[in-house]
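Listed after this line are the structures, all set down as structure tokens.
In the two complexes that follow, chain A is the common piece, with chain B as its partner first and chain C second.
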Partner chain A sequence: MNWKGIFLAFAAALMVPSGASADTIKVGIVGPFAGPFALAGKNFKLGIDAYRALNGEKVGGKIDVEFIYRDTGGPNPAKAKALAQELIVKDKVDYLGGVYFTPNAMAIAPLLEPSKTALVVFNAATSAITQRSPYIVRTSFTMWQNTVPMAKVASAMGLKKIITTVTDYGPGIDAEKAFKKTFESLGGSVPESIRMPVKTTDFSPIMQRIRDSGADAVFAFLPSGPPTLAYTKSFIDNGLRDQGIKLLTTGDVTHEPDLPALGERALGIRSTYHYSLAHESPENEKFLAKVKEIAGTLDEVNMCAVGAFDGMHVIYKMIEATDGKRDPDKAIAAAKSLDWKSPRGPVRIDPQTRHIRQNIYLREVAKKNGKLINKEIQIFADQPDSGLAPTQ
Partner chain B sequence: MTSASIADSVKEKKTTALSSDLIGTLAIAVLGGAAYVVFPDDLGLLTRILAAAFFVLSLCLVTGICGIATLGHAVMYGAGAYAAGYFCVQGLTDPIALIVVGAMAGAVMGAVSGAIILRTSGLPQLVLSIALVQLMHAAANKASSITGGSDGLIGISPAPVLGLFAFDFYGRTAYLFGLVLLVCVFAVLQRLVRSPFGLLCRGIMQDRVRVAAMGVSVYPVLIRMYTISGAVAGIGGALIAIATGVVGLDSVSFAWSAEALVMLVLGGASSLYGALIGTVVFMTFEHFVSAASPFHWLAIVGALLIAVVLFLPKGLQSFPARFLVKLRGGRRDHSS
Partner chain C sequence: MQTAFGIALDALAYGMVLFIISIGLSVMLGLMRVVNLAHGAFAMVGGYFASYVTGQLGFGYGVAIAIAVVMSIVVLFPLEVLLYRRIYAASELTQVLMTIGITFVVIGLMNYAFGPTMKMIAVPDLISGPVDLGIRSVPAHRLFVIVCGVVIASGLWFMMEKTTFGIKLRATVDNPAMAAALGVRTEWIYASTFALAVALGAFGGVVGAEILPIEPYYALRYMVTFLVVVSIGGAGSILGALVASLGLGLIDTVGKYFIPNLGEFFFYFAVVIIVLVFPKGLLGRAHA
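Our next item is the complex of A and B:
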């Protein structure tokens, strides 16, 4: 290549078209779309597609929205930050959405203020995230939000002595703290808190410890997937249920995609969570019908799809409020006063924390038409995120 | 040939080696600088490539030069990242000091882990290295008061470089800072690889018993190289901690160690250039493919790796050489 050629290449590279026309809003979605966590990414996309199918491809019938998906793989803050940076600087997105893992959200947060980009977190559930930048809104849940009601339920059931067993990583430790603090403040006692290594497959020794402690019940948190199955199986096979020890969990343990594998033995397990596929409302019916139409089945649908669906609602409303112009301050201000009916029930954005306030449901695994579901039996209305920055 | 002419030719060889080193280093500086100008919107990716380059170079020192089998190299990278991050959160915010901290942490981790895994060789060594990285991963998760556990170590906000160049959200400062570091470290490593010490290491790789029979004590030599390698990996870790502002458990993972090995093999394990080429090609390819097909890109990357291993077993760096040989009439030189 001669010098002229090099110069031309240079010039071409510098003259990258600066953004699309004004009536197209670009939204960058970062999440785990390939690899071991792809189920979550798939649900993000399902939620987005379902929302667009139900509410129109264009915001307010006139503003086009373009989506750019970027795969972060697993928890990888360096990659997540680089991808978000590229979406902002190169693709010139107006909004960011998605984010499954806490460290990834933490890495993206510092980019938002200097670049004036709003981020809607669809999942990452550590309380402190929304405090890292005033441009973050979250439509998922936090461990505190889901766990505190369970401690209240336990107290109302008249249980006095409960052992906590959680997976030894960030969310597990959050759950343990939330349960312990709430339950003790209600007069119960938590004599022992067991943290189970992330890759535990044999839970028998833990079951033995629970039995020996003479506790009335055990609170469990494990990330959804194979460990929850092994844990529940171990709980029953070691005779703890027959001995009358109650199992209390968050909805992660009775995650709908895992229920068929848990089978009949799961019947009666109680959990608290922000969304059940079996939630009875016209919004949820409409949502699930659309999801089924897009995905062909509901077997792989989980709370990430709802997080994304509601995240899209927030993004659409922000675009409407700013009339398709890039004005993140106005957009965030609009997001702060949103309340709407989500498939999970009535929700609103807390103007102080920019985190979603929602009903938390006490559910019980039950059988309906031959299928295992999480049947809602009690509602804790309008729950805030009660766990601001317990640890970092 | 008289002894004087031998001395002359040795001298000449030395100077050509020196000048080719110089050209190589300059080429990296120029290419790095050009990348900055041509791709001003991709500095996030480019900075990640720089950090990975340190890591793969460091792996090249032990695997390519000494023949040490390891799938746990991320312990040193992670040590550098966490040390730099931790000190920064504690108030030591000067980026150059943080790089030094990272290098030292990596070196210490290299010396300690080297002392363990270098006791064995071959398959047991590989297994030990995996065990080490898994242990460190678990330890980093457990020590969440220091490392932040699975939520990541956050709040790393380094001061401007030399008090002048603040870290911006475009990643300009981070990239240039990393590039300068890489050029300096690369120049040093080239000298190291050519030094008697470097040659001794290559000798150990080729025939450990023979080197031992010459009266060299192999174990301390390898530990020295492992420690140096640790320092280089630590610099990479510290750089990414500074550039990202968050250190996650992925920096001490088995997956990251394995990915580095893939990049090294892709480029060609036995040369520092191979390490750089492998890193740049792999990460760029991964970036483009994952952007083009965020849902299925892993399969495409897998296909590339299979193709390279099948058709270019000595890595991408051997491609020009093979190409030249073909041009000259198909004579193949397998020893190159």
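Our next item is the complex of A and C:
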């Protein structure tokens, strides 16, 4: 006797009628809302709230949207998968959004196709994520997207020999590969690539290695947080800057909420990134004004807020295109042709990769009205995600 | 040669940082027999006071250190009276549960009061930036930390071995009943040792903030490292903590210089070996 099968059929029979034509669209948001990474979750929520405040609580003025937030804590694939499953099966969400960590995104991806649920990734930045399911769209960035322009800048600055130092985990290794490949193809050399353990607190030995390597510059990637501060301080206090060694980074190292702690010593550090709070455009002004109204301050705003803001744009457009009905294939098809003006500049969804194409900016830490900002000094327009190997 | 000197100096400086922030824990664990997992939280509270005093109130670094130490004692001392006093004789499990609970409460409070971002403690020009020692430049702040470490180590040694307070403290630790019978006010001794541990933690939090930045999860993030230093050195031994800090600093620095990809491997490998050979720590007391 297959009791399980009978039970499932019975349960399914009970459940089907309720979901078909709901007036309210449900969106499940998974992200780190508590714990050491809560800043990212806070920014997800800020981005969502700002978008709704500016574009209406109802999509197209008639379709209600309900949000269900779920906390994944840190990088925890098992928990992320369980939460996503619960959102899909129990809460019957029509869309999923959020996701800060790559392993969490990878764990959720296999659930999407069987349940026909579209996921908009607001942050997780490993290139391969969008390949894991045709139902994933991403509105953040990838390490390759942000790093390739920095290698071009290095070459244009006339630097010949650069050592790379990255944190030893997925995105760090992506950054290392992206920099090395691009810089070497432009005729530069990368004699040494150091991978620093995730839990490094003292960077002095790394600085000694950089000094001994005789490189003109160092490319650094570390995830924003305490290590970036310790790294930058180590770089300056060990006299590497005074020796004329250049520090090139992605924007993660000069992440806006960390700038006050880095202080004046950060002035002049160059980074490439997809979003600076100091980006000058009417869209960004409007976005930041709304965020400030909601949060009361801009001191804790980072790129996750704009990732969520644009993620909401994609979700709203998908709801509009399907007129509030659950049709993920139509929704994803609509998302593929989107292009719009984001607070970060002009962006569009690449129909092949379902990843966002955007301007990458070269920025320099500068002081404006007594506040440290990432001042944009050069634009690399319409950058694709160059991290996908054709065979994958 | 220049490289060898550089590594040795980095190792010394890192070792001293480890020493400064772990010694308070060693005092608690060795002398009071309390497994104080809230030590990281004590250090963090000191750091937050210093960052508030330098950032919002605009005082100098020296004043900030003094205020941070005093205010940490004022704020945290009630915990001794209300909570710690009850667990001095309790089992390790009770102590661990209570102190980890305190840690989570402090994390929550700091996160609520100051937000999740890192906090800066402004360092005066005199001890920031590089200093050229002729052979190579080193961070001035590291030299300052080394000096602080030496001062604290010798100060504590002097207090423990040469003062009446030290004698009473050691007597209380060895045999509380007998010490009390001889007229030592053991409660007072415990309370002042608690205050001393808080002061050392807060001082370490402020002085070490250039390397271990202050943010709400500081209290948990570095706790393992602190515990390792204490268990390697032997609880309660000042010299032991010093030797352990410098030794582990050296192993970590050399390992990271030659094979950075292997990361913390050398550090923890050394810990495993030392614990196998010296289960009580390098200079731990037999009865501890």
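Some points to look at:
The criterion applied here is as follows: the second predicted complex is superposed on the first by the 367 of 392 C-alpha atoms of A that agree within 3 Å, B and C clash if a C-alpha of one lies under 4 Å from a C-alpha of the other, contacts with A are read in each partner's own complex, and residues count from 1 in each chain.
In this section, a residue touches a chain if its C-beta (ideal position, glycine included) is under 8 Å from a C-beta of that chain, and two chains touch if they have at least 3 such contacts.
What you see is a predicted model; the values in this text were computed from it and never measured.
Residue contacts after overlaying the shared chain place A:158 against neither chain B nor chain C. Within the superposed three-chain model, A:78 lies in touch with chain B and out of touch with chain C [touch as defined at top]. When the shared chain is aligned, no partner comes close enough to touch A:61: not chain B, not chain C.
In the overlay built on the shared chain, the residue A:206 is in contact with chain C alone; chain B does not reach it. In the superposition on chain A, A:107 contacts chain B only, with no contact to chain C. Legend: residue contacts after superposition of the two complexes on their common chain; A:115 is shown touching chain B, with no touch to chain C.
In the superposition on chain A, A:197 makes contact with both chain B and chain C.
Touch criterion met: A:168 reaches chain B and chain C at once. In the superposition on chain A, A:370 makes contact with neither chain B nor chain C.
Judged by the document's definition of touching, chain A residues 35, 38, 168, 197-198 lie at the interface with chain B and also at the interface with chain C.
Partner chain A is touched in their complex by these residues of chain C: 3, 6-7, 10, 13-14, 17, 111, 115-120, 122, 128-130, 132, 136-142, 210-213, 215-218, 221-222, 225, 252-254, 256-257, 260-261, 263-264. Those residues of chain A that touch chain B in the complex are listed here as 9-10, 13, 16, 33-35, 38, 41, 69-71, 74-79, 81-86, 88-90, 102-104, 106-107, 110-111, 114-115, 126, 128, 132, 168-171, 173, 197-198, 391-392.
In the complex of the two chains, the chain A residues touching chain C come out as 35-36, 38-39, 42, 168, 194-202, 204-206, 208-209, 211-212, 225-226, 229-230, 233-234, 236-239, 242, 257-258, 260-261, 263, 299-300.
Contact residues of chain B toward chain A in the complex are 37-39, 41-45, 47-48, 51, 138, 141-142, 144-145, 148-152, 154-155, 157, 168-171, 240, 243-251, 255, 290-291, 294-298.
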